[in-house]
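Both of the next two complexes hold chain A, though its partner changes from chain B to chain C.
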Partner chain A sequence: MKQVNRNVLAILLFECLLGTGTAEWIPSWTEELHSAVWALFTLYVLLMFGVGLLMIRLMQSMPKEFAGCTMFDYFFGQKVGAVLNVSLIGTLLTYTGKSLLLGVSLIHYAALPYTPTVALVLLSLFVSVQLLSAGFEAMLRFQIVLFWPAFILATILLLISFRTSDFSNLLPAVPTTWKPVVHSAPRVMQLLPGLILLVVYLPIFKKFGMSADNSNRSFVYASIGIVLLHALNLLAVLAVLGPFEASSLQWPVLEMIRIQKLTGPFLERLDLIFLLPVLISVVSAVNLYAYGAYYVLSHYTKPYQRQALIFIFTTVLLLTTLPSNSERFNDVYGVIVTAFELMFFSLMPFMWLRSYMRVRERRIAK
Partner chain B sequence: MKTTQQLLKSIDPSFDVVVRPIPNARMDVVFISTIVDLTRVEERLLGPLTHIPRQRRGDVSDWLDNTLRLSDIKRVSNVDDAVKALFANYAVLCLQREYIIVGVQGLSRRQPQEPSTDIAIRGPRDGFTESIDTNVSLLRTRLKDPKLIFDKFIIGERTRTTVLLAYVRDLAHPDIVREATERIQRVKIDGLLENGVLEQWIEDNPWSPYPQIQSTERPDKTVAALLEGRIAILADGTPFVLLAPAVMVSFFQTTDDYSQRWWSGTVLRLIRIFALMVSIFAPSLYIALTMYNPELIPLTMVLQLAATREGIPLPIVMEALFMELMVELVREAGNRMPHQMGQSYAIVGGLVIGNIAVQAGIVSPMMVIAVALTALGAFAIPNYEAAFVTRMIRFPMLMATSLFGIIGTLGFALILCAHLSTLKSFGVPYLTPFSQMNVPDLKDTLVRPPVQVTTSRPATYWSPRSWLRRATYRTKRSKA
Partner chain C sequence: MKNRLWTLLLCTILTCLLPGCWDGVELQKRAVVLMMGIDPSDQDDHGVKVSLQLARPQSFSRSPQGSTSSREDNTAVITKSGTEVTDALRKIQLSIDRNLFFGHVRAVVINQVIAQRGMLPVVSPVLQSRITPRESWLFVSSSPAREVLEYTPALDAIPSTYFTNYFENRLLLNRPYEVTLGGFHQRLVTPGIQPFAIWIGRGNDGLSAPRIEGIAAFSADEFVGGLNTQQALGWLFIQNQFPKSPLSFQCPTKKDGQFVVNVKSVKSTLRMIHLKSNEPQAIVHLRLKGWVEGGACVIETNQMELEQLRQQVKNEVKNVVETSIQQCQAMNTDIFGMGRNVYRYSPRDWHGDNEWDQTFRKVKTTVQVDVQLDFLQAYKKSALPLVRQ
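What follows is the complex of A and B.
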């Protein structure tokens, strides 16, 4: 049975697009737009579908075998590709550190306020190191096996939280003026770093012989899934907490689950249960980004792959444990990632042009 | 006789090495009296030889071929081969220039009995025995397919144990058969007394606590595995047969799942999965909720739990570890005792120790309940090795929980899941088919659907004819 198939690709793409799943973008969005966030959300959906489908198309124009490891290598050549790959490694490692810091601060906030950061980071990295050293397929297996339990549990808990919802909180759904929407448009980038990962993972799937049809279908399923999940998050937070409370909380989804009181005989609150799927998605994000960085780095350090692994491990450990003020560094890391995202999006038209010209050259040659 | 002298020189003298000269035929018969069937030797070998006609004295080998009513006769010229045959229950006829080896195996063996580990409520009652011939016959009588192959290996420089690799030629994946053959051939050891040793030599990751090869005492289970495209490894002297590749799900499937109606089978399987979860997580969750996050439990229950723990000097983690160790101690002692005493000891030991521990104020009644649930959960897992690992991983999980609360439980579970993701059994990922999300293969995993739905052979074990059965079945149905 093939480890790489279209279901696996769909789940992997979903996890790439999801990121940490901590929904820390909701306060930032509702702060300026209040309940009228849906216009921004539509912009996010359009951008994600547009860029994602373009990347799938670019992937299809690539040959199954090429001398490189990312899409940059194919579209920009080896030298420029190497420069972009190095900055990609930096970005992926930064996002790994950011994800870990988010996960740790979430644990500190919800369960263990006094546990040292380094202990929690090491606990998480122990998972990643095992998977990275075992290879791509082992990482895929881990991601796939945990996907459905975490997804189902999270969705059930989100649906349960509608018990205390007030749907009048959703109004006004349309902004009265479009100026704040335009002003807050750059915040869409908070939800799009997952697209960077496709630069690494799509060529891997291409090498495994994933067909164009299956890639398209997987991306569409993953995108629909992620849009529905984000929409459910947003809808639940707005309906239960209201836009003003949502904008003042760091973890609005967690708080929303926390206020749900059960009258059952064994459990009274559900927030720690909700922490389980969230932490699974944080660990998944860490794995995906760390493996992306490791894959690109090991392409250049062959055959010294163990050294590449040690470098990745040490860098992530330093990025997460050295900062004295994790919140501030989290913002700094966010800026680095957004800067790379912007650069990446600006490169997209060039990549598309290269792809178009190569296809044309091939046609003329025929 | 020169050949006889050479043969005897190659072995150390022993009380049971018998040399019977046959003067009429100028030959000697050498055998080991303790491992051959003496009746067969006397009636079918020595009897005819003493009546050898005079004119045949010169060359008797052809005459022997035609006269002896024994099917297993071979000629060897090498003294080493003759020695090996002598210790493999053969009688050796030492002629002037060659040896003839005659199969006269006669060691009495246990008859097939109901397996002691793989118990089925509704299913065949015969199990494998220590005799490899009996085991092969049990398989052959169930699977009358000419494509059932047995490849023979001799393992152990000194024990020279016969090992058979069984598979159905057009169902087992050739790569898996080739890999198994290579791994078995690579085993160079002095002796093989039990195929648990062989299992450790040929498994993919010897450092993992998880079994990567399934063992069974049941011929019906083995045949079912062969029909799924798996391979079976039989060794002489052990009633356990190894089945490979083994994935995690295969350790939770039993004969009863299939012999009963689908919903009974499904309920049984779900109970087993629940048992696994309880066994792994019950004490850890109890500690996490009472020690770190009591705010999650309703107030009345917290007060009740606090009341039961009143006056207990041990921290809750030590309490759990103490009780878990006690349970393991009782279980191990029960295993080592004679069967008649073992069960009674386990019950009495468990009840008495639990009761006295509560009365003495060392542990709380809730902890006894949690640990008892854990033990029951582990015993509901059908495979011994899988159950043992489940019990053992509780200890590091308890430690992780005591350090990090519910985050420790989750963290350790994720580490375990990552480890399982890296495991393979003969190239087949251990978490198959969950890790591929291939819907047709997920049918017979957590639930056991009706047999009409599961007519397809799962691709889990890479069987090259994965979908053939379903196609045939559908064609037949549509024709009907």
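What follows is the complex of A and C.
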């Protein structure tokens, strides 16, 4: 398959780790820690690198072909793997709904307050449904094609924001007491749901012959890219708006871009231009999570793939349109996703142990 | 064939869901709001009177009339009273035949009386609902806000552009964002610094525009007093907000003469020391660079004269800065950000805004001014002595 190469894997991993790219985590992080949020950021970087590299190592210990579709099948067997996969499908669909709700909320806030949620959701899902039915390669092509324009545009707009920055807002950079850091540590999970996707996508790349060296390199490049992007977002928001204003705003990055005024009436609404890369990353997150859920589900419903597609589509539509109070349901979905993340992280030592035992058995067998 | 028909039907149905139709309002059906003014209500002690300056696009092709009495203006002002701003806005909406559109609101003018009661109850609903965007300029007016909205400046067809140009042309401040609603809110929520706004008053009839009176200082969200243009100069210097522009200084030897310095940069630093003592100290170091561009006492361009002028500038700047700080200490409002300085650089000595409010009055200030001047004049020697002979 042409699309299965190191660069594509790096971009895919980047998009998995980025999530929706709406930076809604910034207000909750700065609420307690203010400008001393870098301690939490460091924790995030360590966790992401640690867990991600471990997952890459686990993937390298897996054979190309195995009975199953995700890493759970290989490390826990078919029965336990199936149970975990069903939870995984639920979590992926929940996060798809959460991402869509975030995107819709952003569109309502920034541009179209009266457009019904169902209209925006259907339009987004229209893209995803086509990609799901077209296959993995089509989905990859879509993800890759939009990546660079969105990334470059977002980075340029973030760099422009430094025109109105005051770097003294970054002080004090170190917390005076460590209690708020410990208390805020669980909020790191808001940036880590993307690691769950690796359970699905890494075995797919392994099946198409991705080498160990390439996988490592792709993950390192993707991780460095995502850390730099998140750091740029955080630095810009803190320097321009200050930690206190940032923690009180709903969408601090959007507001920060909005106050940048360039010459002439044509470019006055920079925030609407910034919506382009953000919505691309929202749609990208929706595609990745929906495809992940579809891929796992269609493994168990092989002759009924169309029905699986309809199930995915209907579930996501219901998750996004049924709730009357989107903010409360956003929190509920967040709790579900975080719970699965915690369960997944707690399973990682067992997966590593199983991998170690199997490698040892193979050595003994030789 | 059946699949294709279903696909075609699905596509047709989905195109009906294209977004934008729900939010689309034709331009002719919009009443474009350019500025908002808020005054105290005549009917109710706690109510407000909201004035909206609406654009009359059909008049924009004609040149503006520099008069407040002319009704052939590019704008129309509508005023209604209500218990709150949103109540008054609703009444205004019901009194006109178009949808109020707030996307072009450039400035919000708050009457001084309302500002003294507290800005947040008035401004918060419109800020939260984004009726007034965070980047709208904020003014506190000593005259009724409605009067400000009725001005039709001679130099700009769109009145709100007049205010915008003050900031986009960097005539008042180097960092215009701080004088917006968003900048006001940012200072409000940041510890150790109080918000400010531009203080305006009854205007210049010739230009048909309000007059800039100085800086309106707040304690939390309540207006506590203003710094006039001279006192505001000290604030501008300390905050690194002084834009490149000429300033006049008194001649060192002649009491009735002045000389002009074209200030090209003012950089200041503020340091707080002795924080653990009862009387903390603020050290303000200011560096001013500029060109001497003539005046009654600038006869020859030599170093001796330059040194005299330099010393005069140094003394006056120091005096202006000290007066500004004393005025703010008298009003007990730290719009300089001395408390914020403590929070940033000595966070362990920061004990909250309430304690800082008690401490700020006791801060002793030392102002160190460093002036670098040079001559930049058309003639090496002034013809004034010849004329006087």
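Note that in this section the second predicted complex is superposed on the first by the 364 of 366 C-alpha atoms of A that agree within 3 Å, B and C clash if a C-alpha of one lies under 4 Å from a C-alpha of the other, contacts with A are read in each partner's own complex, and residues count from 1 in each chain.
The rule is short, and it goes like this: a residue touches a chain if its C-beta (ideal position, glycine included) is under 8 Å from a C-beta of that chain, and two chains touch if they have at least 3 such contacts.
Treat the numbers as computed from the prediction; the structure is a model and nothing was measured.
Visitor: Between chain B (first) and chain C (second), which does A:Asn7 come into contact with in this model arrangement: first, second, both, or neither?
Guide: It touches chain B, and chain C stays clear.
Visitor: Have a look at where A:Val145 lands relative to chain B and chain C in the superposition and call it first, second, both or neither.
Guide: first
Visitor: After lining up the shared chain so the two structures overlap, which partner does A:Leu120 touch, if you call chain B first and chain C second: first, second, both or neither?
Guide: After superposition on chain A, A:Leu120 lies in contact with both partners, chain B and chain C.
Visitor: Counting only touches as set out at the top, which of chain B and chain C does A:Gln130 meet: first, second, both, neither?
Guide: The answer is first: A:Gln130 touches chain B but not chain C.
Visitor: Looking at A:Ser165 after the superposition, I want to know if it touches chain B, chain C, both of them or none. Which is it: first, second, both, neither?
Guide: neither
Visitor: Report for A:Leu276: first if it touches chain B alone, second if chain C alone, otherwise both or neither.
Guide: In the superposition, A:Leu276 touches chain B alone.
Visitor: Check the residue A:Leu112 against both partner chains and state whether it touches chain B (first), chain C (second), both, or neither.
Guide: So A:Leu112 meets both chain B and chain C here.
Visitor: For A:Thr22, is the partner it touches chain B (first), chain C (second), both, or none of the two (neither)?
Guide: neither
Visitor: Of chain B and chain C, which one touches more residues of chain A?
Guide: Looking at chain A, the partner in contact with more of its residues is B.
Visitor: With the two complexes superposed on chain A, say which partner A:Gly242 touches: chain B (first), chain C (second), both, or neither.
Guide: second
Visitor: State which residues of chain A lie in both footprints, the one left by chain B and the one left by chain C.
Guide: Dual-contact residues (chain A): 107, 111-112, 115, 119-120, 123, 126.
Visitor: Please output the residues of chain A touching chain B within their complex, sorted ascending.
Guide: Contact set of chain A toward chain B: 1-3, 5, 7-8, 11, 107, 111-112, 115, 119-120, 123-124, 126-128, 130-131, 134, 137-142, 144-146, 263-269, 272, 275-276, 279-280, 283.
Visitor: Which stretch or stretches of chain A touch chain C in the complex?
Guide: Interface residues on chain A, with respect to chain C: 107, 111-116, 118-120, 122-123, 126, 164, 168, 171-172, 176, 241-242, 244-245, 248, 255, 258-259, 261.
Visitor: Spell out the residues on chain B that touch chain A in their complex, using ranges where they run on.
Guide: It comes out as residues 292-293, 295-299, 301, 403-408, 410-411, 414-415, 417-422, 429, 431-439, 441, 459-460, 462.
Visitor: If you look only at chain C, which of its residues touch chain A in the complex?
Guide: Interface residues on chain C, with respect to chain A: 14, 17-20, 22-23, 133-135, 168, 175, 177, 180, 182, 185-186, 189-191, 343-345, 347-348.
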